[in-house]
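What follows is a group of structures, each given as structure tokens.
What follows is a pair of complexes built around chain A, which joins chain B in one and chain C in the other.
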Partner chain A sequence: MSNKKKKNLTPTQQQYQDFANKREVKRPVFKNCIKAFLVGGTICAIGQGISTFYMYFFDFTEQTVGNPTVATLIFITMLLTGFGVYDRMAQFAGAGTAVPVTGFGNAVISAAIEHRTEGFVLGVGGNMFKLAGSVILFGVFSAFIIALVKTILIEWGGL
Partner chain B sequence: MLAGHRTWIFEQKPVIISTGTVGGPFEANGNIANDFDILHSDLWMQQDSFEKAHKLLMDEACQKAIEKAGIQKEQVQFFLAGDLINQITPTSFAAKTLGTPYFGLFGACSTSMEGLALSAFLVNGNGANYVLTGASSHNAAVEKQFRYPTEYGGQKPPTSQWTVTGGGAALLSNKGNGPRVTSATIGKVIDMGMSDPFNMGGAMAPAAVDTIEAHLKERGVDASYYDLIITGDLAHIGREVSLDLFKKHEINIDEDKFVDCGLTIYREGQPVLAGASGAGCSAVVTYGHFLNRMKKGELNRILVVATGALLSPLTSQQNQSIPCIAHAVSIENGGV
Partner chain C sequence: MYKKTIVLSILLVIIVLSGCNSEDDNRIVRKDSDENITKINKQTHIEQAITNKAKEIIQSKSEVTGVRGVNTNKDLLLAIEVTQIEQFNEQNLEDEVAKSLEKNYPDLTIEVSSDKKIFIELNELELKIQEDKVNKKELEDQFNKIKKLMNEQA
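Presenting the complex of A and B:
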């Protein structure tokens, strides 16, 4: 906890927090990293396999194969989420299933399933991007900033 | 009768004449599956939403308790219950089915003992002959409100707890056979500035310790008076912290006699991380498992301390701390 936050606490509260923190089971960060690396790597390898498959059997190039690959991975995620398997895999894999595009798919699909009971418009429509909305917003915003920086550098920096 | 500042001693010793407990599929796989009256194999329970399934849990628990007591539902004078969902709708909707005068309670996961204490007070003061009390929670409905969508793949830390799908109800009366409610200590809201909603046990432990300490002092008994001191849903971390706090406050509590409902309900190996939680947790474990053991004579005097974390998704998003509460009720066998 940051020191700024701690300042607002009474001495008894601070004392207890130190006391409780010692007893708290910490996240096994190193183990989680290894698991995330293995599972995340496997998902990427599957993605690579799908890409190669599309390039080999269909008329795709390395530049155009991205879209159908992502669509296929998200379709698989949709099935796994719907059957209730994805969240169990995620508990094991952590960032391994959250960082690839499948994690983004899962965030959208799980919210859509969850709010189906509130109807299509206010339920599914209103809540589908509850979790993924901020990813889209800040993703687009950072892309805009990077594009701006690039433009400025090219125009005035003479790159 | 009031003893000290916040302990009621019930001279009439209201009797828990019957109980009803309902569980879900995860509980059916658990440690105490035999202590449930009804177990559902599906989280939806043939309903079209989790919230409706949640209401069904409370409905069935109440029906079962009334049925086992062999009375008519019209004979029940008051119904005191609650749950964790916004505006406690599952309980209020169940009260609509029941048609009994109703008090809706909210004490988060401490609701079960809040209800039992108030019901015993009503019966003890001749305010009613039959009072029904209970609490319930539904894993998916509660997760939906407090955390992420059920199927969302987010990794939970080892301190987080699993919300119980279950409903427990108890029927209290001034006469009859069964375990008796002898005293209750009402908790204060205690806030130690903990703000991690994935570590409720650590946040609730000070509240449990405070209430137990007050209870023992005001009732004038030693911790060894009870066969078991049962906390609601402190789980692994909260229990460890409480035991250390007792040592620090120089209260002698036997480690083997300090058990937690959240650690009793599931088997080792079920993926519940630190343990179970939820309003239904203390209700089903106490009204099912522990009262059954009292009826068999394995236990004679228990103190149930249900703990609740009084947060909402809004307060935790605004980085506010988690205020906690614990209510203690003593249940004893025999004697009038």
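Presenting the complex of A and C:
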């Protein structure tokens, strides 16, 4: 609560605030960071392994290997989410599982599973991008803006 | 307990097998932490002396840790490996290397890549040339394939 609001509280309320603050369980930020780092790092290492696999056995260069790697990672996440494993991992690791692309996959798929009972069109179709829609929108929109800026710079800026 | 033993023994077998399964490599290989260079020491359909010379020139740069390359009569393809920190700057390094080589070989088309894939492919092609497993036609085909990969856009 902000300091401004605190001044308007009655003495009893202030007393309660102090009481609550004392008993509130401290968030183990540092420990969470370590967990997120380790699990997120493991996911990225797996991704790197998949990239290297595609480079050794298929005709992908470092430039183009990103697409199949992301697809594979999201596919694995899809299975893990369906079996309920990914949720357990996310409980343990927090941001470590949410920040890599697997977190995005999990957001889409868990929403799709959750709304299956409401039918395929209005349920799954309507709610699948409930969480991830903003990510897609933001990505597409910012890409559009950047493309505009680049076009203007190249066409008239002489870059 | 039983399971543990089985898993451990399987792991051991895999480690031993993969450790002993090293390929024959008849190229001249110099390998340590800041140098990874191979040279084809054989008369082949297409003389690789240009590549061998170019590799020496590139390897003298401190940022470059590994070089692979193949040349034909008109073109020279090279793949470089750079130190971790220089990865941010590898595109510039490619140009730099290409420019410095163009001075030495003005009549060759030189293409330099820092892509891992190109490195793998050139390494394989080098091995094949060393073992004399390719004829001139196949060599050209492979060469063109790598060239195409190099110019692929994401």
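The rule is simple: the second predicted complex is superposed on the first by the 122 of 159 C-alpha atoms of A that agree within 3 Å, B and C clash if a C-alpha of one lies under 4 Å from a C-alpha of the other, contacts with A are read in each partner's own complex, and residues count from 1 in each chain.
Methods note: a residue touches a chain if its C-beta (ideal position, glycine included) is under 8 Å from a C-beta of that chain, and two chains touch if they have at least 3 such contacts.
Because the structure is predicted, anything quoted here is derived from the model rather than measured.
Aligning the shared chain A places chain B and chain C next to each other free of steric conflict. Shared-chain residue A:98: touches chain B; no touch with chain C.
Of the two partner chains placed by superposition, only chain B is touched by A:32; chain C is not. Residue contacts after overlaying the shared chain place A:63 against chain C, while chain B stays out of touching range.
Of the two partner chains, neither chain B nor chain C is touched by A:42. Judged by the touch definition given at the top, the superposed model places A:86 against chain B, while chain C stays out of reach. Residue contacts after overlaying the shared chain place A:72 against neither chain B nor chain C. Of the two partner chains placed by the overlay, only chain C lies in contact with A:55; chain B stays clear of it. Superposing both complexes on chain A places the Cα centres of chain B and chain C at an angle of 150° as seen from the Cα centre of chain A, in steps of 10.
When the two structures are aligned on their common chain, the gap between the nearest CA atoms of chain B and chain C comes to 26 Å. Residues of chain A that touch chain B in their complex: 5, 8-10, 12-14, 16-17, 19-20, 23-28, 32, 81-82, 84, 86-91, 93-95, 97-98, 103, 106-107, 109-111, 113-115, 117, 130-131. Per the touch definition, chain B reaches chain A in the complex via residues 48-51, 144, 148-159, 191-194, 199, 202, 205-206, 236-237, 240-241, 244-245, 271, 274, 319.
Residues of chain C touching chain A in their complex: 115-118, 120, 149-150, 152-154. Interface of chain A with chain C (complex): residues 52, 55-56, 59-66.
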